[in-house]
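Two complexes, one shared chain (chain A), two partners (chain B, chain C).
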Partner chain A sequence: MTGLFSEVFLSALLFGAVTAAIPLLLAGLGEQMSEKAGVLNIGIEGMMLAGAYLGFVGAFYSGSLWLGFLAGAAGGVAVALIMALLCVRIGLNQIVIGIALTLGLEGLTALLHHFQFSRSYPRLPAADATVVPLLSDIPVIGPAFFKHHLIVYLAVALVFAMTYLYRRTQLGLNLQAAGDKPAALDVAGIDVIRTRTIAVLTTGALAGLGGAYLANVGAGLFIPFITNGAGFLGIVLAMLARGRPVWVLFGALLFGVCLSLTTAMQVAGINIPTDVIQMLPFLAVMIMLVLFGRRESLPAALGIPYERGAR
Partner chain B sequence: MSSLSSSSGDKRDIVALEGVTKRFPGIVANDSIDLSIRPGEVHVLLGENGAGKSTLIGMLSGLQQPDEGRILVDGKPTPITSPRHALALGIGTVFQHMMLVPTLTVVENLLLGGPWWQRPRTEEVVARVAEITRSLGITVKLHAKVSELSLGEQQQVEILRAMLRNSRLLILDESTSMLTPKGIDELGALMRRLVEQGLAIVFITHKLKEAAAFGDRISVLKLGRKVGEIPPERFRALGEQEIISEIVELMFGKQKDDPEAVARQVRAVDAEAAPLLEVTNLTVAPTDDAPGLSSISFDIRPGEILGIAGIDGNGQKQLAEALAGQRAATGGSVRLEGSAIDALNVGGRRQRGLRYLTDDRLGEGTVGTFPVSINFFLKQIGAAPFWRSGVEQRAEIDKRATQLVRDYDVRTPSLKTPVARLSGGNIQKVLLARELAEGAKVVIFNKPTYGLDLANTLASRQRIRDTAARGLAVLLISTDLEELLSMCDRVAVIANGALVGTVENTDDARTKIGRLMIGLAA
Partner chain C sequence: MSIDTAPAAGATALDATSAAATRRDILHRLLMTLGPILIALVLAGCILLAVGVDPLAYYGYVLEKGLFSPLGIQQTLTRMAPLLFLAAGLIVAFRAGMWNLGGDGQFLLGAVTAAASAPVFVQLMPAWLALICSFLIAAVVAMIWSLVPALLRAYQGVNEIITTLMMTFLGTSLANVLVKLVFRDPGTTVPQTRTLPVEGRLPRLFDTTITSGLLLGLAAIIIVHLVMTRTAFGLKLRIVGANPRAAVHAGLGVPGLTIAVFAISAGLAGLAGAVDIIGVQGNVRADWNPAYGLAVIPAVFLARMNGFAAIGFVFLLSVLSIGGESAARRLGVPNHFTLVLVSIVLIVLALAEYFDHRYNQSRRA
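Moving on to the complex of A and B:
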């Protein structure tokens, strides 16, 4: 048992937790923005898959991780465009379209991957870590938190950028109004459709980036269905955190620890069925809902397409 | 129709309507309307619920497009394509239904609409608000969440917001219905100041007196048609009484004096009878932005109407909700027919005969998407004979609903029509039918005539009188002093969550209540 608590094991566990948390964080932040604006974005799993596939392909052929991330974000935006067109502009049911997009992208990315690579799964070279001076020398904490790819730090910085956006900017006010009382925003002279479209496209970009990170940095390869519910966990995180980006960060880290524990336990040779450990995140969801979720209310117009002048 | 050749295309009009027609499935909301709106004029639009006023406002503010006819802005035909376009044209609207985001604070709501790339200019707005509120004589809780304000306070914020925008044309849709008499006079004075500066105002009200007192020009709508107009020249030539009788003539086609002035019939309330409702030291803890209730005591005898007067937002809603069981009381007791009901929940209290007609008719009063028939039985869902073993008995429901629709004169296309599609007056009738039907003993009315047109106001008041005459105890909460004086046996005045005095409704009641309302002893 001593091996379980060794310094190396602990920092590996936490390092894995951060790596697992980043896609969830990006998906959660993206979903949060959609929900704030009144769009329940079930299609986020599909957006992540598109991001993972295009992110991998982009990085594989260009040899640049950053071009891969860019391609992943663009893939997410492309899927989000369909969502925005069908659900925001035309006003179709958000849940049905979201599920359709997710299922469609699962099949499409698996098919494309099969055409290109048949049954082989080429790997990308390991991602370069940006080592934070001084901080990375701290035992356990240093190697766990301060030896990651640059995009990890950017994702964490995004949490604070989002907080600022929601609390202090006009766009933040507009987004909340679009979710809680779109008619009020409309008569204030702001286009509700456009505001919601901006939110959905941003969600697409963040989810796509999250998917690309998952494939390129987290796994180093693409396999079909690689996201494995990460997008849905993002929806849960957004629901729990409501308007607060910092809560998404904490939630993502908690899930990250649970996911990392799954791998770490196996490495450590501890004899607990992995299925049990894989249930941990979902147990955590329910506990967190019971503890913090009871008094939370979702935006009043969440899931309801906006139609001007309708009674 | 030769509407296009009519007189509305005057050069002085900043906005003119020419033969505007708007149809909705089943009805013609506006039928070939001509209207001219000029700077320096308060143009009053009068009409019953369903006369097409809201639709007309919707087209002027860019929410809806006319099917026929055209709108001219500064003499040029201009389709008003969106609310933003309307604002850009200088048309600002205060809507009848609240257009505020409930989860944002007042100041955040006022900031909505700014360019998205800018930081919200909070300081600038706060300074301008201070300036405007001073001239309006109102106070606004800038940092309170809108959801915690009363409907009347929300309306004040909406008027304030319209003032913040530099509109050339200000549309006020039923804006006075939630204001105190003093507030209405102040609004009238403010409108006068604004039109003197060259603004045009379209003012919608059901109160003929307000129309006569504040208007320069009056257009009367009836069932989607414009049935008459009193131009300013005529307006100035006539006295207030003559104008009122002319409007009544136009609206109802029959002559009468001020139709709201119904003489109160003094009924003898048996002073010996045991009170039906006794409230002793009822206390509710205050929340951040709403006053609580402190030690409220009163009783109501059978057949008596007790009025609660006061400026909106002084605890009226809290009182009604605490009595109905919708809000937890922190102290005191409520006795119905001599037995305490403090431990009973909403359903239990209703069962015992305590009924509450909310002022929030569409929000908590009805389920808008449910058909009219089901809304009659919302509070009896699952109960026989309308439900048996959990199964809806369509025939029973329709039979009883048909009867209620007839008895309460609900104007609905069918029993299956979603209740939200009815006009305000008819929604109120559905609520009246539901709450007053069998078993009622004590009825609480919260602003029962708010936003209703004259005919429905009079009908609702008669319902309330009839209710008391049947021997029920009635608590009538209203911000309309005339209404209270015309109906109540006694009037209690509420201020800051406490009853500051109770006045018998005798000849000098008006001044006594007035003194209590502004904080002087009676």
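Moving on to the complex of A and C:
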């Protein structure tokens, strides 16, 4: 057991936690924006899968991780475009379309993977890390937090960019109003449909990027159903965060630690079924909800399509 | 297929012409269901063509194996049993305005409980009593599983989408833990529960392979439909669903009703698990998760939470999934294509309903 708490083990554990947290963070931030604008985006799992598949294919054939990320984000946007068209523009039920998109992308990505790679699962070379000078020399923390791919730092920076967006900009206010009182936004002369479409497409880009990171950096390969509920976790994170991007970051890290613990335990040869450890983050959140559960502040018009002049 | 979705057309018609109007309405609904399905099949066929599979051959197999071959239709009807229970549970929850998205966790825990208890009960008591007891205990365990989201929603106003989603992740893992550690059959190398002998399972209908769980499922969904549309209790739940604040002012005990809704909805999901295990599977293997819930949710929406329409959609889902499985084996298309097909069918149906609604509105205006 002494080896369990060695420096190397701890920093590997934390490194894994960050790697596992980034897709959740990106999905959570994306979902948060949709929800702020009043769109419950259940299709985010499908957007992540599209991102994971296209991201992998992009990186595999071009040999460039960045092109992969770009392709992943584009894949997410493509799915989000369907969602925006069906749920925002013509106002179909968001839960029906969201689940349908998730099911469809689960099937489609698995199908395409089958016809492209059959039963082989080619790997990408390990992602090259951007080492932050000085900080990465700190024991334990240095190798855990400051030797990641550049996109990890960008994702964390995005948290603060989002905070700025919601607090300080006109667009942030518009997004909030689109979710809380869309009619008021409409009266103010701002197109609700447009605002919500922006939110949904951004969600698609972020979720797609998260999926691409999951496949290209986290796993280094694509397997069908690789997201395994990460999108739904993103929905949970966004709802728990009550509109604050920083809380999404904390939540994602908490889930990341638990996910990383699962792998670490297996490596260390400790014989607890992985299912038990997988339950930990959910258990923690449920206990938090039971103890501190208050009425959370979801946007008033969440899930309700906006139709001008409708009562 | 649908009764209460057509008040607009029915109300304006005079008594003398109402029979013809009803017939036209039914024809219309049928057309509005079959038309979109046809379009969806064409769209999905394009995907098949793109990956180099003959769509006609594929659909031929789906129809033959899912609908027209004696064995296929029996499998389809058997598959309907758990889906009907899940749909019944969702109808209660959705009509009462509660988004119980935790059906899969409740389903799996019900399944594991039934799988663990049925082989024990069969040795202690007559077979029929053993069946009833395992059904009951599966329903109760699923109800208990929904208690936390129910209490949080009823007394703290915590959004049930988050809590039920989290409980479904927890439930899936817990079901696995139970299968691997607690109820594991010592006689097998793969982790699974003890297998229920065939004579202990739900009887099959006549001399077919259809499980009698189908009848139970049909009964469940019809009872749910009647309770929701014809009884005071159902009306109360619908009021809570339509406007919880108004329900409080009307003097309804909203927290109590909320807990009742979750209990019924989860109980039915637990029964779905039990009916699948005791009627069909016989045991639960580790990591078994058919994820029926995810496909049933949109189907219930498209049925507008109408029990009879839901039966139709559940039948459609079953044909597609059973037929898709066989077609996949024959043609070397992975089974995942069924997911794509179901997804396209759902989207096109939703679109068709939208355009139908728009057309009706503009005609009336």
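Operating definition for what follows: the second predicted complex is superposed on the first by the 305 of 311 C-alpha atoms of A that agree within 3 Å, B and C clash if a C-alpha of one lies under 4 Å from a C-alpha of the other, contacts with A are read in each partner's own complex, and residues count from 1 in each chain.
In this section, a residue touches a chain if its C-beta (ideal position, glycine included) is under 8 Å from a C-beta of that chain, and two chains touch if they have at least 3 such contacts.
Computed from a predicted structure; not experimentally measured.
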Please indicate which partner A:236 is in contact with in the superposed arrangement: first for chain B, second for chain C, both, or neither. second
More chain A residues touched by chain B or by chain C? C
Check the residue A:101 against both partner chains and state whether it touches chain B (first), chain C (second), both, or neither. second
Quick one: is A:114 in contact with chain B, with chain C, with both, or with neither? Answer first, second, both or neither. second
Give one of first, second, both or neither to describe whether A:177 is in contact with chain B, with chain C, with both, or with none. first
Contacts for A:275 in the overlay, against chain B (first) and chain C (second): which applies, first, second, both or neither? second
Once the two structures are superposed, pull the chain A residues common to the chain B and chain C interfaces. none
Chain B residues touching chain A - in the complex, by the definition given at the top: 58, 61, 63-64, 82-84, 87-88, 93, 95, 98-104, 108-109, 111-120, 420-421
Note: in the complex, chain C contacts chain A through residues 47, 51-52, 99, 148, 152, 156-159, 161-163, 165-167, 169-170, 173-174, 176-177, 180-181, 294-295, 297-298, 301-302, 333-334, 336-344, 346-347, 350-351, 354
Mind pulling up the chain A residues that touch chain C in the complex? 40, 86, 90-93, 95-97, 99-108, 110-112, 114-115, 224, 229, 232-233, 235-236, 239-240, 273, 275-276, 278-279, 282-283, 285-286, 289-290, 293-296, 298
In the complex with chain B, residue positions of chain A that touch it: 168-171, 173-174, 176-177, 180-181, 183-191, 299-300, 308-309, 311
